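The structure appears below as structure tokens.
Note that the chains take the letters A, B and C in the order they are written out, and that residue 1 is the start of every chain.
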Amino acid sequence: MIELKSIRKAFNQGRPNEFWALNGIDLTIEAKKVTAFRGPSGSGKTTLLTIVGCLARPTSGRVRLAEDDISGLPERFLTDIRRSTFGFVFQQFNLIKGLSALDNVMLPAFPTGRPHRELRERSESLLDRLKLAHRREARVEWLSGGEQQRVAIARALVNDPKVLIADEPTANLDTALSREFMGILENLNAEGRTVILTSHDPLVVESAAVHRVVSMRDGRLTED
Amino acid sequence: MLFQPAIIALLLASGVAVAMLAAAAPFAVQVIRQWDIASGSERQLQLERRTYLFSTLAAFVMTVQLIALLLFVFNADRMSVMFVGAMCAVGTLNVNAWGFPALIAQMAVFFLAATWLAVNHVDTRAPDYPLVRIKYALLLLLLPALAFAFGLQLKYFLGLKADVITSCCGSLFSGDAKGLAAEVAALKPAPAMLLFYGAIAVSAGLTFAHARTRRYGYAAAAASAGAFAATLVGVLSFVSLYIYEHPNHHCPFCILKPEYGHQGYWLYVPLFAATAAGLGVGALQPFRRVASLREVLPTVSRRLASIAAIGYLLVAMIATYFVLQSNLILIGH
Amino acid sequence: MNAWIEKQRHLIDFTLASLARRRTKNLGLLLVYALLVFVLASVALYTHALRQEAARVLERSPEVILQRMVAGRHDLIPPGYLERIGRIRGVQQIEGRLWGYYYDPVVKANYTFMAPAAEQVKAGTLVVGPAVARSRGLAPGNTISFRAYSGKLFAFTVAGVLPHASELVSADLVLMSEADFRAFFEYPAGHHTDIALSVANPLEVRTVAAKLAAALPDSRPILREEVLRTYASIFDWREGLMLALLSAAIFAFAILAWEKASGLSAEEKREIGILKAIGWETGDVIKMKLWEGGLISLTAFLLGFVAAYVQVFRFGAPLFEPVLKGWAVLYPRFELVPAIDGLQVATLFFFTVFPYMAAVLVPIWRAAITDPDSAMRS
């Protein structure tokens, strides 16, 4: 599904504070599986996630998505791929304050120009499925942490992506909510979606739902 | 004469446009020299992001030029009271030698910006941005054109002296006068109609054909330019007469006036849109064999051609409507 | 095409929502923006109305006025001049006119005294302009006396008050009979102030003027179109000068707009990062921001323009009257006839919307190129 070849990523290139966050990563992520990246903070797992999810381009190396080389694509085209292939759940949920839950869910589909009614129905059914139908008109800052995360999940799914990417999804949740999240994750995977996440939460990486754990340190893979 | 509100506005608009493009020029040079689509470096990313600024800028300049074009003609018409002999825009434009060149330069800048946007649009549809260097070289060419138009405008406005006796549309476009405009105006209605409808038919036909078959791209663009000229000839020699219902009033500007119900806009707006689209088709043709544009370019080019075809048909229909509803009879039945 | 429209709708929806969320920040800018439009539109509307007023007045004045010059000064037309002009082709009517100025010490204002050609005003009566009527509290039937320059006192009965329609010129007018006029000013018999000629065909005016200058070398023909031209250029010049002076304000506004647009709050930056991460393209963000600028411009433009319209046409432009009108001692209180003009709206657009959009273009782009992965790194 996703194939990474000698991926390197530098920040502040050519300046004194140049820093290589990724240092030669070779990795294949299988479709329809749940893969977790584990490692201490600063190990490069989030950077790797941004490259896998087409949020950033590697400084060198190749990224292949379903046989297409996408590493040299300009942002404009990466965005197209990102929008249709990946859904993101961020650590801080990154919902837009002041908008209702429903509006937040609809946001990723705005640039596609999907008809409003169709989009609204799709978003409502997603919220419904995540047991948030009663909260859809509520502003997101009024929701609890667990509810916010479920809004974020619904938002990630609105464009019906094949891959769901979650960055430290349980960092802000208690145990019960974390378990609930893993449950949702399992369901999504059972539907045939690929899931990629980063975590150092044992509850996540040791969960039966995770098929493969990739460990990282200092921008390199350590062991599987 | 500089302290005229509309003149200040026009100079402000072109001055700012020139300044903006000039400020952007070094970055365009950078793009031309350092562009490397295969690189994943931060510099390449910055260059790519800069291209968004240029497209936005060019679109802005084009919009502003279009509005400025209207304002220019509008203002010339209004200022005609200040010049002896002037009764409409033509007189004001004739006050010194720079009036008509400034107007033509303004139109040229509009069409140049429009064709650049067409090339830009196609280029951003291909993942490898194949035309990026050509595009920015063209943008650097647009800058002197814009500066030249600004210079002409400045010269024209600075040279506006109220004590000049000018000649207006009556003398410029009358049968006795000399010069290209007069000769065009003196054209008999029948051959002018033939020319106008012929050119419109050819350009609408070719653009339509291009939209259907992808062929005749250059021909369609050339026909568009021809149709633009032919329409202006048509307006001068017969359409205006029918609108004014006067056998000797040949002015292409008076039809924009409220006295004649702003009818000119109905004619000029589709004409400018169609010509811009038609020229855009031509601007795209040199790149139709670029590998990554094989898919995208024909689609865009055909869409532009459709717009041009519809535009020209509208022009013809509107002109015909003006002729038919007029009380003037130029050609015996 | 449908998808495109739908997309713009979505972008506008989002823009409206985000404008509403940042009401206070945008309100300040909106008010300054609207104020700028208001000031500029007031100037524009007011001068345009003045121009129209002048044009309306001049419409009824004769095409050519002939003045006699003595030592470069305007002098009386001696008897016999009318006859010496004789018949000129194209001239429909010739008449000698009688008018002069009178300083009224009671209200410290200048009046224009005039004796209309036809015997419209009976001897011993006056027809007065609306401003005169107002300042002296006159109504038809009242009696008023003026002390002539000779020291003699003359009493008149007011026969009527002129209508308001063209107050700019008729405001300070006092009409009287020819006999009264000559007696009041001790005007030599047979002399006139100037000669008015009406010419039907505008193309013949210059020929007529040339013939007049040839026939009476000591006289100066004044053409209506020239007066019109002078008026137009004076009003335009005043308007242009005002605008040039206000250009500092426009410039300051552009800087403010630039500042506002580049000084994105952390919250806004975060939002753009999120939008980009979840699938908005740089171009989409630019479009959204341009819609925002466009909506702010439109609102400010409408607000400012309507306020200016009300100020000028309902309240007579109390803020700019002294600068733009610059009339004599007796300020005519005239009702401006509402008139909007496409050229002015277009010009106004260039003085307000254009600087705003030009100023926010680069900041918009800067905001739009936020790294999409910034959402991950927070």
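We adopt the following convention: contacts are C-beta pairs under 8 Å (C-beta built on N, C-alpha and C of every residue); 3 or more make two chains touch, one makes a residue touch a chain.
Because the structure is predicted, anything quoted here is derived from the model rather than measured.
Chain-to-chain contact here is organised exhaustively, every possible pair of chains being in touch.
Distance between Cα centroids is largest for the pairing of chain B with A.
Chain B has the Cα centre that lies closest to the mean of all protein Cα atoms in view.
Centroid to centroid, with C-alpha atoms defining each point, chain B and chain C lie 33 Å apart.
With each centre defined as the average position of its C-alpha atoms, the distance from chain A to chain C rounds to 63 Å. Computed from the mean C-alpha positions, the centre of chain A lies at a distance of 49 Å from the centre of chain B.
For chain A, the set of residues touching two or more other chains reads 75-76.
Contact of a single residue of chain B with at least two other chains is seen at positions 49.
Under the contact definition stated at the top, the residues of chain C that touch 2 or more other chains are 282-283. Chain contact summary for the complex, chain C toward chain B: residues 44, 206, 225, 228-229, 232-233, 236-237, 239-241, 243-244, 247, 282-283, 286, 290, 342-344, 346-347, 349-351, 354-355, 357-358, 361-362, 364-365, 368-369. The residues of chain B lying in touch with chain A in their complex are 37-38, 40-43, 45, 48-49, 124, 127-129. Touching chain C in their complex are the following residues of chain A: 46, 49-50, 55-56, 75-76, 79-80, 82-83, 88, 90-92, 94-99, 103, 107-116, 155-156, 159, 167. Residues 2-10, 12-13, 16, 20, 49, 52-53, 55-57, 60, 64, 67-68, 70-71, 74-75, 78, 81-84, 162 of chain B touch chain C in their complex. Listing the residues of chain A that touch chain B in their complex gives 10-14, 57-61, 71-77.
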